[in-house]
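Right after this note come the structures.
After this come two complexes, each holding subunit A, first together with subunit B and then together with subunit C.
Then we have the complex of A and B:
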């Protein structure tokens, strides 16, 4: 190895470059996911992977808001629930077809995200977390107590789609890949710089001329819309919506995926969504211990490996190249 | 030509008048020192000028257009750039990305922003650390980086709050040279500093504040020899 660094700043990897590397890694991971059905035809495990993709969308959306923009919301599962109920209620009461219902779910959850984002604009850290947590619990209680409309905890039947499990698998994968591409295009643009600047120091970002109000609100809106889309798809897949979609335990699972995968990285949370969810299915036989395991993992990763599995993988590759 | 005009600006925090009916004009290409003992209202005045605080009374004109009540981001677009006494950088972003944020936010395209970032990095001698996250820099290097952020798009006026405080002498020299070079090209500055030798050397004109009010606004030599200024620093009317 030579010691001299050639051009100034040659070792510096721009945010845009970093994002591109992560995007490519995420695409490779998605290609592998696309090949899995060649070897796995068991509908149970296909179902597990479909739910993993549901969580991957949620973890990706939450990561945009919390990992990049630094807005630690505790309501990602709530927006999935809002999206699911939007299409569920529209279908039940107005016979709206699923595709339109899903589109409406994106809009409605995005709008609710926008309103929540504006409401919590000045809150930081624990205050933001607690306010979004209260919002999440209030929404869930409203859904479970408005029995006349939502049928409460009994759940609301939702129309399915006339497609088989394998088609569902690739539908979820397609949506996941489209969102991945959208997030990549967004983060590779100046928006990626601005969101991270807001995360690191809001005052410094404003001083530099970043429109903090706009970008924070945009992050809330996009993140909520992505979650709403995931929830609406899931509703038609499961053919049922219950308030359980918005349980804080669901948010906990989403959080642990993003933290273990690597917050503020494009690939980490997506890949970790599969690992964590599949692992949680395996651990199901052991009983209630899975949450203990994930909680411990989250604490360990948050404390010692801030870039999560993605950071560890990056370090491993660097060591391997130097050897 | 008057670039910045401060007329009767007043700011009260409860019973304390932090800035008391302050008025002065800054001409284009001036480098004005703003001095005064601790608690005399210098930073509060800078906060008002940079949009982080709002004045209770008075008006501020930038290029003959009112600019009081604007947010920091709006003022950044109008060309008011503030450097903080407690350095503010984007700690988990590398040096180049820190500069790119300001460049892109102020309307440069990626290529232009990158070119300027590299030019500033070598001017501020940050080449060796350009790949590091800002949080890994030394205090002085962070200050230099903040200079760079403020000058990605040269502002109409730069407000520097104690840039030399607690900084390694070498860094201090780089900063001094940077300010001199920019001033020679016509850049306008307000420089808050406790470092009198530096103020004497850099600033032809100085404004001294005490207890929120302007004590004297004159050529720097004259200001430093003024009895009221000496009294303000030595606390003549304290207690």
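Then we have the complex of A and C:
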């Protein structure tokens, strides 16, 4: 698939620089997001931005798995649902305080990700997509049919936190930035190269000594844990968990953010999560065409602009420098 | 076997016939391009709408509306192949995305696009298609069945047999099978592989749309009506072996009967989960399915 890759040493250097540039761009974007509440105090739009950050965490986590490690899972929304139900059920039945519940959600969704990652190790491409899609549907069916425990489609009430909307805003932002730094440190290290080597050519990576089993499983676990964290936070923010969190359409939204932003780039999916979600709220007001527009954009970007908005921005900067 | 069991078996078998119309096309697409078409359910949806709207809005007789649905589905399939599938085998050079990922993204995106486009343009309401015959029930021994369902089952059998025969013996069918076995080899032997892919997509789109039309009096046409039949056909192609047409037909009938009995004897709420669990077990432990060849890499 890959053509004429540079020598290993040069490749390592190249990737490090590329990741660092993306990391800086993402930090700038997060700084802008941190300043928005200075100008916007409308609780509705703050809420929209909080949900954008929820999706940014999901898109970032999925990007680590799909964009960097090349493992095309169709279950990111499911792990958010698992995380949300973990803290919701613990709080409802065992009076576990929210913070402990959120920690448990990270562990539980990470473990489920570990098991799923181990199970699907040898599946590639369409087989992996189908297996994870079925896993997602089975989990959703279980959540909506075990009515005695989860109250099914009615949803489970979850305790809120005694903080205001602005505090929620910065809590989500803090989590997002911490995850961004973690992902950056991971991708800058050798692990980042291992993951991308697996994506580009698994057999060659194994021959070159990459522990493919370990790194694929690790990518699944980390991605699932990040999604679970996002879901648990969201559960306490919305004070409700429903099986709808795990709908395939939610996965579609996450996927569209990553594709539009640019898969396999640190900054693209994060920034695109904000653009896509804020734009979708605005489009909802002017006729409800948001899903038509985004689905069309996903197809167009995948077909013609495979590097996403990040790739387009990079090309624009290059052209500007040359002029 | 009690009377109820006979009834369940016959009705499950008939459901399986409709599944087969979907699954044959999906299996052919997998065979020729080695991808799963995640927009397959939307071919079904397009057929259900084409049949229903043509018959209701323009008063076209049902026997004319049925082939129209097939043609509309074939057209959508052809357009999909021309606009989105060509990069899978033509001009494959510098890639930001890998081949499999590209296929999943564009078909998944196309599916979301068509569902929401129909939802906005035609509306989220469900339309009931006119039945082929008005006879409400036919009693065959212990089996109770509506006249439409019986007739639709007969048509489905005929269409499945004709399709299988075309793939087996016709000139283009043989070319399609050659491309499925070895795309490079087939093109070296002078076969137009692009044309073969286009034909496969037209046939698949048409068959799925035909299933949608036949079932529209039972399952009303709505924007997301294709999701369930699509999920069923994913299960079937995995059970039957990806790319195997006979496997798809046998697995369709099998799944229809399993679901029919499972819903009564195991759990009605989880009737849709049986197939999904089978899918996961097969992919994990027997990825070549019942009839196919190897399915995963070591």
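As a convention for this text, the second predicted complex is superposed on the first by the 307 of 323 C-alpha atoms of A that agree within 3 Å, B and C clash if a C-alpha of one lies under 4 Å from a C-alpha of the other, contacts with A are read in each partner's own complex, and residues count from 1 in each chain.
Rule of thumb we're sticking to: a residue touches a chain if its C-beta (ideal position, glycine included) is under 8 Å from a C-beta of that chain, and two chains touch if they have at least 3 such contacts.
This one's a predicted model, so the numbers in the text were calculated from it and none came from an experiment.
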item	value
Of subunit B and subunit C, the chain that contacts the larger number of subunit A residues	C
Touching partner for A:199 - first (subunit B), second (subunit C), both, neither	both
Which superposed partner A:138 touches (first subunit B, second subunit C, both, neither)	second
Touched partner set for A:319, first subunit B, second subunit C, both or neither	neither
Touched partner set for A:190, first subunit B, second subunit C, both or neither	first
Partner chain in contact with A:212 - subunit B first, subunit C second, else both or neither	first
Those residues of subunit A which subunit B touches in one complex and subunit C touches in the other	199, 264
Interfacial residue positions of subunit C with respect to subunit A in the complex	30, 34-36, 38, 83-84, 87, 93-106, 108-113, 116-117, 119-120, 227, 231, 234-235, 238, 242, 269-270, 272-273, 276-277, 279-280, 283-284, 287, 295-298
Residue ranges of subunit A touching subunit B (in the complex, touch as defined)	8-16, 190, 193-194, 196-197, 199-201, 203-212, 264
Contact footprint of subunit A on subunit B as seen in their complex	50, 52, 71-73, 76-77, 81-82, 84, 88-97, 100-102, 104-106, 110, 118, 121-122, 127, 130-131, 149
Residue ranges of subunit A in contact with subunit C within the complex	1-3, 66, 70, 72, 74, 119-120, 122-127, 129-131, 133-135, 137-138, 141-142, 145, 199, 202, 248-249, 252, 255-256, 259, 262-264, 287-289, 291-292, 294-296, 298-299, 302-303, 306-308, 311
